[in-house]
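Two complexes follow with chain A in common, the first pairing it with chain B and the second with chain C.
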Partner chain A sequence: MSSAAPSRWTGDAMIRRVRRRYAAERWFKLLGLGAVGLSVLFLAFLLVTIAAKGIGGIDWALLTGSDSVDPARAGVWGALEGSFLTIFVTMALAFPVGVLAAVYLEEFAPQNRWTDAIEVSINNLAAVPSIIFGLLGLAVFLNVMNLPRSAPLVGGLTLALMTMPVIVIAGRNAIKTVPPSIRDAALGVGASKMQVTFHHVLPLSLPGILTGTIIGMARALGETAPLLMIGMRAFIAAPPGGITQPATVLPVQIFLWSDEVDRGFVEKTSAAIIVLLLFMLAMNGLAIYLRNRFERRW
Partner chain B sequence: MTSEDTIAAPRPRPIQDEAQLPPVKDPKMSADGVSVFYGDKQALKDISIKIYDDRVTAFIGPSGCGKSTFLRCLNRMNDTIASARVTGRIELDGQDIYGPAMDVVQLRARVGMVFQKPNPFPKSIFENVAYGPRIHGLSTSKAELEAIVERSLKRAGLWDEVKDRLSESGTALSGGQQQRLCIARAIAVDPEVILMDEPCSALDPIATAKIEELIHELRGRYAIAIVTHNMQQAARVSQRTAFFHLGELVEYGKTSEIFTNPRQQRTTDYITGRYG
Partner chain C sequence: MSLGIALVAVLLIALGAGWLGFSRARGMRAAGRLHSLPVYHGTHAALWAALPALLILAAWAPVQSSLVNQSILASPEGRALPAFDMQREAIIAEATDIAHGRLQQGYNPQSTALAPRIRSAEQRYALLGGLAAIAIGIGAAGLALRRSTPQFRARTGVERWLMVLLFAASLIAILTTLGILLSLMFESLRFFRLVPLQSFLFGLEWSPQTAIRADQAGSSGAFGAIPLLWGTFFIGAIIAMIVAIPLGLMSAIYLTQYAPPRLRSWLKPILEILAGVPTVVYGYFAALTVAPAVRDFGMMIGISSASSESALAAGLVMGIMIIPFISSMADDSIAAVPQAMRDGSLALGATTSETIRKVLLPSALPGVMGGILLAVSRAIGETMIVVMAAGLAANLTLNPFHSVTTVTTQIVQLLTGDQEFDSAKTLAAFALGLALFLITLFLNLIALRIVRRYREQYE
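Up next, the complex of A and B:
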């Protein structure tokens, strides 16, 4: 046995080398911890300041009332109902259209230059700033189609345009995770392409599609800018009676109240933010639950 | 304890003396001058093979020789690959399977397939087997469907192991049981031909022995074509062997002759382990 090998592994140079490696690891951990700490700090700061200002404002009157010029009587119910109606319209449109588009692109469309171009367009569409969608909604739904201004119908349509590409992308990714062996198995017993898709691929990718959809919906729920463009910033003192009635939504209500000069609205703004955050938390929680509940390993 | 835990698995005895088998009928499937292209690349060159009832036909050859590609032509599974193009003629009972009169969905029900990796649906054992009969409307009542499932699982030699847990997931079974479940799923639609693409390559020797035994039992009922990279397996289970190399069919004939008296030097080299 040669004596060179053991000394190479126990010599000073090698020991220094090993120490440097551990030092690098410690530094990386520290840096990572700092990054996490910073983001958590911001979140904590937001929650604490909002809670401090707004927790006292949460009462029955806030949850059941509608907008009012008197801060003592103003509530979020009207805006909440507007949000529900808007999100309902968005969901009813974006989900089926998005899922069908994802299924078609993934399972049926030929792979050629056209589908490549469509794929790039959809990815870009998902990244278009929401204010642009607002302008589009204003131009098409209000000016061309003459739909009622400030209505959840138009708000929902606009947000559906914005959410659909997100659902298409999430849907395609979910469909891609279904292994080809399952398609082979179904084709092998004589299933048609439609049967393979609707009996196997779609049910197996549905949890992933739902997770993506809920996250897209949560984003739409928090959207303000496009709704300002189509007139959902009006002062609405009564909860909307339907999707064609004038309405506002929660984030826009927050925006409007934050602009008020009356000091009484400061607390109202923070209280409305808490309601919105809880709403978002519930939706994201649902998405995580669905993902964990139905996730399948292959 | 499943019987897979016991060592005394039956080893199928090769039946190469064809006098023990019913006489050869007209070929069930016949391929004539079949070539396959993936884009510009030719994967198979001018293959002509016949597959008979009451006989097992084995396709052997080194990896990438085209044996699986050829198998997948026989039930048009290559249709799912956009760049694949098949020329030549393949007949099932004298009918061109690539012709306009042949419906591909019906073809795949008549020519069933078992894949390399066991691929049960992530559904119950019952649903796995019932799926084929259900989509083809082969049963009119629940009792009839249950009878089909039971018969298929019995033929696949799995019934005794799963009869008390038909509602459990098919993916919870062991690898060998999963593969027999896939065989049960294939025979549930009552096919005429069963194609097996290296059905034992993901299985341990005992599970492999069970599948081989099963192939012997199924032989009288279905025409069987099996791809294998295991020459001993080909010798054990088949009566006809086709040796593929680099996309060509080097030699095709009775298994007994291929293994004892090959005519081509390449065949000799392969079966004596010189390459592969």
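Up next, the complex of A and C:
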């Protein structure tokens, strides 16, 4: 049989059917590309809008000045210093506590209800709205413990409670990736459990922990709502002198300026946003670099 | 002497004890084999010198401040202070600032008179607590050093302390959760003493301005939370999700199933940047660019009452903020479906899109649902976008071009004015916070449980 009659698999109906299925396939793929493209486009639109409004506002006065009622003299240095002090407090508290808690949960915690409760509360805390931490800070640090209002100390404490669960979760994932053979080898030559953990497991998981920590810190740096709750929204015309002095932070400064009716502040706000975004980008870039450079696949 | 000096002294004692323990153990090496390395002997002595003393200092600091407070209230200058709490607190705070050298002169002459009292009382009590801490530090260091013999298991002792430290660190999470719950409940209970629970939960009207004068009109202070909850739900769970779920899900599908690796390695970090943009930036963008555009669009299609603080603008921007979150959750869930299922479907002749729609998505559905619930929980707790772009008017409306208000907006609004702390207005913020916490807790627990069970299914 040289020229067969069209079989069930080569008939017109079948060809049409296959063509339709392939068309659907192409549409689906295009839809996916469209979704990604739309998201990227939005980011580009946001960045271009802000840059176009703010690039003219970046000058020496912006980078060295503090808040002022006169838009020509207002700058972000005071807020930036407040941000640094706050993040410093956050880092100093959340990093050690977060890493130690991760080590405990991953290496030492017994399997019981108590550990379950700790785990559930950490996972939940990572998803609690940030403004709730602000209410906690207001009720506990300001009203019960009488710590100074508007101070980077209180802001840092509040953000540390918020960042700690993020560090714990990142830390646990990093510790999990260290293969058991490392632990067995160290235990085999006579190291104690504690020595295995602190001499071998922790150093090997440090890049992963640091990546998670930097991402958590970047989030804390951009956080506004909880700091509004503890009063870091006052008009402060001088850079803070210490962690107990009244201060404001860069995101709050942006929020305050965005409320100003003066036209000059629109440019200032966009310029301050550019400064903030540069810091965020730098931190996230550092985290990505660390992840690619130091993370080992076992 | 201040407690700061005592702190430094304790640390110095610990350093000295550590050095002493280290060098004594090194000296003992000649006598025979040590159980622990000298550095453990040193650390052991230092820990015993430092930790109990530091605990005492930490416990003493709040005790001291209340003792100082009592003693100045008992002094003649203290008794002359006004009885009204707020005024008295302000004067005492000012006097404390003068006593610490932060202020030269108080606005109130009473505070200048009070300052020397505070200074002497603080010195007296700090001397007491500081000396106690130092004595305990020295005593504990001495005891620890006396036990230091070649057989002494210093490493075990150090590790026991480390274990305590590790456990304490893990307790912070539970303490934070408890702290949130207790502080919110405590303030909310005070609120519900002023405003009955059912009128908060089921009230249809929200206008928290209480009258300053009795004859003022229209400011009776209604605390019905329904309009706020509806606004929150409308913006966070409906409008934002209509934007975020299709875009996030399709992005994840494209990135995991279609995108060539090179493109993927570019697109993923870009989405991560989208996730890292601070919310205040989104809020500014929503208020400045999106909201006017939405209002103009509303006018164009004939809605004359379109507000410049519309629910739609805030919801749109919030949805865009959530896209990367949904995308990464969906990414994880799809990646967790076993490769064999995908291969099986492709081998039967299904196209890639048919495999995705008929095999991958249904089996990844629980994980995706968990991710969406977490996204909803994040959207309704999001603050800055709605504070800057949504309105303050508590409307019960279905029209997305109208202004609605949300729980988080109202919390910020209620707490950022200058008012006394005990008014129903400020306490209402805590009641709203409690409601928000409970709703997100509920969503998170369900979502985490779904995600975990789903993960176990394929492991």
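Definition applied: the second predicted complex is superposed on the first by the 270 of 298 C-alpha atoms of A that agree within 3 Å, B and C clash if a C-alpha of one lies under 4 Å from a C-alpha of the other, contacts with A are read in each partner's own complex, and residues count from 1 in each chain.
The rule is simple: a residue touches a chain if its C-beta (ideal position, glycine included) is under 8 Å from a C-beta of that chain, and two chains touch if they have at least 3 such contacts.
Quick caveat, the model's predicted, so the values are computed rather than measured.
> Both complexes share chain A, so when I overlay them there, do chain B and chain C fit or clash?
Partners fit side by side after overlay.
> Touching A:Asn124 in the superposition: chain B (first), chain C (second), both, neither?
second
> Counting only touches as set out at the top, which of chain B and chain C does A:Gly171 meet: first, second, both, neither?
neither
> On the A-aligned overlay, A:Ser192 touches which partner chain: chain B = first, chain C = second, or both, or neither?
After superposition on chain A, A:Ser192 lies in contact with both partners, chain B and chain C.
> Taking the superposition as given, does A:Arg183 touch the first partner, chain B, the second, chain C, both, or neither?
The first partner, chain B, only.
> Between chain B and chain C, which one contacts more residues of chain A in the superposed model?
Per-residue touch count on chain A favours C.
> By the touch definition at the top of the document, which applies to A:Gly156: first (chain B), second (chain C), both, or neither?
Once the two structures are laid over each other on A, A:Gly156 reaches no partner at all.
> Between chain B and chain C, whom does A:Gln111 touch in the aligned arrangement: first, second, both, or neither?
In the superposition, A:Gln111 touches chain B alone.
> Rounded to whole Å, what minimum CA distance do you find between chain B and chain C in the overlaid structures?
After superposing on chain A, chain B and chain C come no closer than 7 Å at C-alpha.
> Could you give the residue numbers on chain A that contact chain B in one complex and chain C in the other?
192
> Under the definition above, what is the set of chain C residues touching chain A in their complex?
On the chain C side, the touching residues are 62, 65, 155, 159, 162-163, 165-167, 169-174, 176-177, 179-180, 183-184, 186-187, 246-251, 253-255, 257-259, 267, 269-274, 276-285, 287-289, 320, 323-324, 327, 351-354, 356-357, 374, 377-378, 380-384, 387-388, 408, 411-412, 415-416, 421, 429-430, 433, 436-437, 440-441, 444-445, 447-448.
> Going by the contact rule set out above, which residues of chain B touch chain A in the complex?
75, 77, 80, 82, 105-110, 112-115, 117, 119-122, 131-132, 135-136, 182, 185-186, 188-189
> Residue numbers of chain A touching chain B in their complex, please.
Residues 110-111, 179, 181-192, 195, 199-200, 204, 296.
> Using the touch definition up top, name the residues of chain A that touch chain C in the complex.
21-22, 24-25, 27-29, 31-36, 38-40, 42-43, 46, 49-50, 96-98, 100-101, 103-105, 108-109, 117-118, 120-125, 127-133, 135-136, 138-140, 143, 145-146, 161, 164-165, 168, 192, 194, 198, 215, 218-219, 221-225, 228-229, 233, 251-252, 254-255, 258, 266, 269, 273, 276-277, 280-281, 284, 288
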